[in-house]
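Both of the next two complexes hold chain A, though its partner changes from chain B to chain C.
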Partner chain A sequence: MSLLIKDKDIVVPGEELAKGIEYSSGYGTYKDKEGIVASKLGLVNIRDKEISLVPLSGRYMPQRDDVIIGQIEDISFSGWRVDTGSAYSAMLSVRDATSEYINKGADLTRFYDLGDYIVTKILNVTSQKLIDLTMKGPGLRKLVGGRIIEVNAHKVPRIIGKAGSMVSLIKENTNCKITVGQNGLIWIDGSPADELVAVNTIRKIEREAHISGLTDKIKAYLEECCKKNE
Partner chain B sequence: MNRPDGRRFDELRDIEAKAGIIKRADGSASFKIGDTIAYAAVYGPRNLYPKFLQNPEKGVLRCSYNMMPFSGSGERIRPGSSRRSKEISLVTQKALLPAINLNEFPNSVIDIFIEFPQTDAGSRCAGICAVSIALAEAGIPMKELVAAVAVGLVNGEVAVDLSKEEEDLGGAVDIPIAVTTRSGKISLLQMDGMIKAEDIKKGVALGKKACQKIFEIQKKALKEKYNTQ
Partner chain C sequence: MYNNLKLHIINCLNENIRFDGRKNDEHRKITVEYGISKSAEGSARVKIGNTEVIVGVKTEIGTPYPDKPGEGTIMVGAELTPLSNPDFENGPPSIQAIELARVIDRGLRESEAMDFKQLCIKEGEKVWLLLIDICTVNDEGNLFDASSLAALAALKDMHFPAFDGEKIDYKKKSEKKLELKEEPLSVTVYKIGEKYVIDPTNEEEVFVDSRLTVAATSDGTICALQKGGDSALTEEDIDAMIDLSIKKTQELRKHL
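Coming up: the complex of A and B.
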């Protein structure tokens, strides 16, 4: 009937988190005869008698309503196949891509060509991981110019920050346009020197994502970088 | 009778484990036990082709065990797969499967590569220990970690973690065991040599105890990677 770990502890699979039935098991944990056990490498998160884990690593798993950055991988009669940066590719149908009328057999490369990057939203994910995408929504578009970098998808919440605080901090300090996809792809557009600062900052956040007080650290880092650039 | 290197019969060789050593892999680990060194890299879940290999119910786990040409004790090892490496790849996969939950990844594959730059007996066990850390680091959902160790007879006595020197003694027996660290189930048990039934029981009990020690080391390796404040 007791807790064996503290909030924010790092635990490994098979580590017992709590004994008895006082706590309920959330994401990344499971229950067995004796208590609650971790099933992933992650940070412990205890809220209202529920123990869950925030995973520290792993590939992106597509989820409904995620806004991601994808790359056009193939074009078919009815739409585009998009690489999502996970084990599963997604389908963007013509109907969900544009409200324009498109003739049967029209040249779809006019909209999105092979290799183009798009900001897109996941409409639905089936149990077999078939994914539907849409381009209808605010901010969903084709990306032109700039550069794409890849980070671990589990670090994305830290890069965005609370209500976008972290990413707007980087935007303000570097004058770059930045779009962060939930799948860990990040688009950065600005002058080459600014882009470099933004990339380095994001890499720093990725490395130190599990450390608390990160926003202040990043603020200081950005100020230092900007001083050097002037 | 003592052991050639002066260890106690239930004493493991020195172990060093490290997580996250290969940058481009989704998860990786090194596991050094005595003079045996294993590097494990995990990639995936990722696309699986050719398509007929896909399983729509759950993900596929693929293992590759490879000793480097210069890794043995003396003779050069012919590069590429052999009867032996194929067998060990298979038993490694079977030893890990009970601990891993692949239901979240239908039609995809998790690839595991284990490389040995240096071997001194107990390589399949070192490989399993390394992969277990690497899988956890890759964020794969697992019920528990898997630890493995060899037990056997040295000079007629039951002992854990045989070295190559001990394995080559006359009448030596080698029994690699893999244990799931929480439920304590055995997921690998092989045997080479002649041994009495009660000695096997004694050996398995010793091996289980040793695996708990290895689990603590695996745990430490994973936690150390993220404790860099």
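Coming up: the complex of A and C.
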């Protein structure tokens, strides 16, 4: 009935984290006969007797209600197939894409063309990892202009920050429009110099995601960058 | 989105700030390592940013061409390995691979970088064949410059294997090096919109309108040209691209 590791330790898959039934198993861990075992490489997070892991690497795992940025990879009769940046592609059906009336056999590229990026929400993920998407909701749209960068999906919570604090900090300091998808794709649009600051800041957050007090550090970094630009 | 992104890239190039913060005429960080392979007679690894290319030089003994009985020869091959880019596939060399090899080959050959007579062992019967193999380890754009640099570095690194007149002992290297009269290097200048760019990343390479590879010797003499891409180039374009390219080859030489 004891903990075998400390909070914020780095553990590897198969490592025993706790014995007995005192603790419950959270994300990135599983229970076996003896206790709780890690299933991923990551940082341990212990909160109220629940042990979970913050993975250090790995692909994005689609989850219901996640807002992600996807790229149209195929157009069929009834909708669009979307690359989600995970191992599974998703389906956006015409019904969920627009409230407009669409004639049978209409040209669907009018809405979303091959290669377009969209901000979309995951409606449902089946046990077979079939993903349904929707475009109905606030902020869900086709992305026009700007550029897309890819980051580690597990660092997305740090990039967004508490209640969006980190990303609004970047937005305010760089005057860029930024949309962060849970799948690690980030859309940025602004002037070339501003965009560069935004990209560098995001990369810095990605690199230093495990450091505490990151917000202050990033604030200082952004101020320094903006001074240079002026 | 494709057209959108192209406009966005051109917009950035017009302000001379690229997506990764470089200027239009700036290379990424370049490193050159010599002698990375035990089995090759000469080898080099070149990294330009995250683009990585290794080149190995192997020697063989063969018969000379009937019209050049006193000269050996070089052969350049390129392999675009699937591990370096998801678009590359196994199998016979693709058009890109053939072009890459030919551009490097022509740079070396037309600059008369080496006297092929030094490769002769017995006139009309035995000559050295130099097999220069380019292997991409990671393609993040600009394989042309990386391969050119790596090929030259590998040739500079090369020692002939021990040869007793009958057999080659590949396990022993002789003191004999390859004599290079010239050191040709090429820099490819890309045109995106109205701007000239060097050392593009994958992202930029997609939107390239045309490109011009210029191989030059150390004193800036042009020895080979190769034009690629769909768009035409005007006379002014070519002049400007050649000037930029030669300037950049001189900078690349510092890394050798």
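The working rule: the second predicted complex is superposed on the first by the 229 of 230 C-alpha atoms of A that agree within 3 Å, B and C clash if a C-alpha of one lies under 4 Å from a C-alpha of the other, contacts with A are read in each partner's own complex, and residues count from 1 in each chain.
Note that contacts are C-beta pairs under 8 Å (C-beta built on N, C-alpha and C of every residue); 3 or more make two chains touch, one makes a residue touch a chain.
Worth saying up front: this structure is predicted, and the values here are computed from it rather than measured.
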item: Comparing the two partners chain B and chain C, which touches a greater set of residues in chain A; value: B
item: Partner chain in contact with A:4 - chain B first, chain C second, else both or neither; value: neither
item: First (chain B), second (chain C), both or neither touched by A:147; value: second
item: Contacts of A:21 with chain B and chain C, given as first, second, both or neither; value: neither
item: Touched partner set for A:12, first chain B, second chain C, both or neither; value: first
item: First, second, both or neither for A:220, with chain B first and chain C second; value: neither
item: Chain B versus chain C as contact partner of A:116, first or second or both or neither; value: second
item: Partner chain(s) touched by A:106 [first = chain B, second = chain C, both, neither]; value: neither
item: Contacts of A:193 with chain B and chain C, given as first, second, both or neither; value: second
item: Touching both chain B and chain C, residues of chain A; value: none
item: Chain A residues touching chain C - in the complex, by the definition given at the top; value: 71, 113, 115-117, 143-147, 191-193, 195-196, 199-200
item: Chain A - residues contacting chain B, complex; value: 10, 12-16, 28, 30, 32, 37, 39-41, 55-59, 61, 86-89, 127-129, 154, 210-211
item: Interfacial residue positions of chain C with respect to chain A in the complex; value: 1-2, 4-5, 7-8, 11-12, 15, 17, 19, 21
item: Residues on chain B engaged by chain A in the complex (per definition of touch); value: 26-27, 44-47, 56, 99, 101, 104-109, 136-145, 180-182, 215, 218-219, 222-223, 226-227, 229
